Amino acid sequence: MTKELIGTAIEVDDGKVTLSDFMGSDLSVVNAARVSFGKRKTEMDEKDVKLIKYLAAHKHMSPFRHVVFTFTLEGVSEVVCRQLYKHQVGCAYTSGEFKEAATTWNEVSGRYVEFDPEFHIPSEFRKQHKSNKQASQEGELVESNDEARAIYMNAIEHGFSSYKKLLELGVCKEQARMIMPISFKNALVWTASLEATVHFIKLRDHEGAQLEIRNLARAIKKLIDPICPHSIEALLNSEK
Amino acid sequence: MTKELIGTAIEVDDGKVTLSDFMGSDLSVVNAARVSFGKRKTEMDEKDVKLIKYLAAHKHMSPFRHVVFTFTLEGVSEVVCRQLYKHQVGCAYTSGEFKEAATTWNEVSGRYVEFDPEFHIPSEFRKQHKSNKQASQEGELVESNDEARAIYMNAIEHGFSSYKKLLELGVCKEQARMIMPISFKNALVWTASLEATVHFIKLRDHEGAQLEIRNLARAIKKLIDPICPHSIEALLNSEK
Amino acid sequence: MTKELIGTAIEVDDGKVTLSDFMGSDLSVVNAARVSFGKRKTEMDEKDVKLIKYLAAHKHMSPFRHVVFTFTLEGVSEVVCRQLYKHQVGCAYTSGEFKEAATTWNEVSGRYVEFDPEFHIPSEFRKQHKSNKQASQEGELVESNDEARAIYMNAIEHGFSSYKKLLELGVCKEQARMIMPISFKNALVWTASLEATVHFIKLRDHEGAQLEIRNLARAIKKLIDPICPHSIEALLNSEK
Amino acid sequence: MTKELIGTAIEVDDGKVTLSDFMGSDLSVVNAARVSFGKRKTEMDEKDVKLIKYLAAHKHMSPFRHVVFTFTLEGVSEVVCRQLYKHQVGCAYTSGEFKEAATTWNEVSGRYVEFDPEFHIPSEFRKQHKSNKQASQEGELVESNDEARAIYMNAIEHGFSSYKKLLELGVCKEQARMIMPISFKNALVWTASLEATVHFIKLRDHEGAQLEIRNLARAIKKLIDPICPHSIEALLNSEK
């Protein structure tokens, strides 16, 4: 049985995404679509694969909502998390927000090497895309990677130490955190139906998307592929 | 483990509701709410029960959306099914509609005893409520139960045989079915989050609701109670 | 201004659908998409039409959710109403259900001509489709239309008079109504975003759909077309 | 008529929220709830107010979804915007994200006085709450307000100038923006039903909420109060 997939994790965005729970399979889609016939199948055959393709092609989406996944994202930058908030129709999430996360930062020293687990630090800096204002140029890195990294690290260190100074002055966390860099890492539990999850993959695994988010979409696809391969394929093909 | 609960069924409305699948437990709620602390608990303790009560009381509902159930309803009248369509936020359903169901009726003979599995036949006829136009008087039955039953059965028999006559004339099913009695039975797969399920129970398990729907709400509560008892109790108490 | 469109009605399914209220226009879509530029346009130009096409083609759907319509359906059969319940994501509806409607039937006499406003009575009976079990053969009517109509009317009359007999015996309405024919007419208020409305039109205005529902989809398209023609065209083309 | 309310704005969080559009009123709620009676009222009376109270008290929420508002938020910090993403059920939003906003910053000079319209700068710094880790102590300010402000401004200036240095090195915007302080201001169009809007007000206008968000909740309440005062009052009272 595939229940052993629960707990599988893939590294993304120098954090990781874990398949924390799920229910259903390709068979759940088939059984839901055939509910009026009064039989529950326990094994897939060719006819079932055809049915799944038919449902996706004709946008009969309701059977694809009985398969549900829960993902836990840890150490993923806020920028990435925000994309998931936007796929909330048919989804639910619980976010460990900055406010709470801040309580655990007391232990973090001022040196940036130690921030590493707390802020997203790119290993490579990509060039700006020439025509698309919102994208990077695939595969092209800036010449001065070290210089970029030094500026980046220094900015995070400065932001974080300013945050701590404000706390020392007695400023409330909800105001002090406003100067923290947006690259702080977040934790998130995201529950979504098969339909919503594949919709996210479709929208985010393409050229125009930010690389970090594209990587997340690919990791999620990899995690759920063994659970309902026929449905995923049919849904991905249906809107092309 | 509670996974053995999958497949449990309870009879309602002379049909039945089955817990076909589920994921999560009280621990899922707790772990989602504490996602930023980076630890997943595997056993509940007193603090966790308190946290669940706190979340429900303060309407932090998102952690309750990571527990999800799939119910299959068979032999349940359309009137009851329609109530579930209305709780679709955070839910999904696949209905075996009349149209398809009709295809299996070819085997049903004209005698009403044989309709029994296809139409909802009340065993007892309740009196109209004196003040509430939309309800029945709890526990009070009409004097002439046999007479009521005869009228009811005759009406169903007449509706169904007229339907068959129209089909014989070559009338399309989508028009012929318009004269079928509303008591025909339906099959339905309903997937809903813990939050949505408890919201349904809260709205339907009370005096003003139709008895058949109230019975369904109670059956559903019974089916899910062993899975996340603390969350259900906390949510039911939170809006009183 | 287009606000004078409020109140426009189109006859469908021997009932009617009215545009009861709406907000927004093509300009709302454009202004939402350009919110970060801090200017609100008050007149459309070529660039805006291009932007709308781009948004639809790339499935940036959120700007299309700021245009919202309210439709009131009266005298429309329950079968048609049910299709709208299914498009509830991003929608809301309030249904005048059978239960309440029943209270106004006291004035209706037993003669079927008088049912006419209360039940859906087809003027023409279509033939069953040869290969598609769920559809009618477009444009082909049964030979014996009068005979079909007589059976249909008689079935409705029988169902309705049985319903009244049960009420006379003191049976509660919620049980008595179970023998009413499914063709009873309903009233419904349906509020949906532009995205959800066009999605409904797309799914229902095609060959496989029941004619009555297809007619509703077409009527709704006609009602909203003057409000945001560019968005509707772009959305209808985007998923082909 | 109240349509002249469109365009009304209230300042919040050193930005502003504008009622950009709306449809419906208390009468829409009443007419939706009474759809089956076939009459549309055009004036409220005592019975209608009672009906609204009854609907809210018994959680018949669907009639409250036919009143819809569109708000435009400008110059509001990302932290505040994020709260609105979470009320997406029954809502829609279009966010002018950082990425796009960045394109307009080329004109902004390096001096912090000129950032003022681009980042949220508190005029007063509140003390941390003694027991509630997530809140500030109402009405209590830190002693050294000027010092706090200097640290805050310096941090923003440093973050922003680092961002510009990375762009000069050719780093793509999607990576460079990761070091920007979270206090950057955003623009957002938010469309929500009356039900969802009041739910947001209820959750956010209370002691535990961040002051900036509480102020937004209050501003939104003020903007919509003239449109449907009875419904707002009934909904706010219903869950106490």
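Letters A, B, C and D mark the chains as written, and numbering starts fresh at 1 in each.
One rule holds in what follows: a contact is a pair of C-beta atoms (placed from the backbone, for glycine too) under 8 Å apart; a residue touches a chain by one contact, two chains touch by 3 or more.
Model, not experiment: these values are computed from the prediction.
A.B. asks: Of the pairs A-D, A-B or C-D, which one shares over half of its contact pairs with B-C?
C.D. replies: That would be A-D, since it shares over half of the contact pairs of B-C.
A.B. asks: Please identify which chain has its centre, taken as the mean of its CA atoms, farthest from the centre of chain B.
C.D. replies: In terms of C-alpha centroids, the chain at the greatest distance from chain B is D.
A.B. asks: What's the distance between the Cα centroids of chain A and chain D, rounded to whole Å?
C.D. replies: Chain A and chain D have C-alpha centres separated by 26 Å.
A.B. asks: Which whole number of Å gives the spacing of the CA centres of chain A and chain C?
C.D. replies: Computed from C-alpha means, the inter-chain centre distance equals 37 Å.
A.B. asks: Can you give the whole-Å distance between the Cα centres of chain C and chain D?
C.D. replies: 34
A.B. asks: Quick one: which residues in chain D touch 2 or more of the other chains?
C.D. replies: In chain D, 62, 86, 89-90, 100 touch at least two other chains.
A.B. asks: Which bits of chain D are touching chain A when the two form their complex?
C.D. replies: For chain D paired with chain A, touching residues are 77-79, 82, 85-86, 88-89, 98-100, 103, 120, 122, 125-129, 133-137, 142-144, 147-148, 151-152, 154-156, 158-159, 162-163, 165-167, 169-175, 177-184, 210-211.
A.B. asks: Which bits of chain D are touching chain C when the two form their complex?
C.D. replies: 3, 20-24, 28, 31-38, 40, 62-63, 65-66, 68, 70, 72, 74, 90, 92-97, 100-101, 104, 186-189, 191, 193
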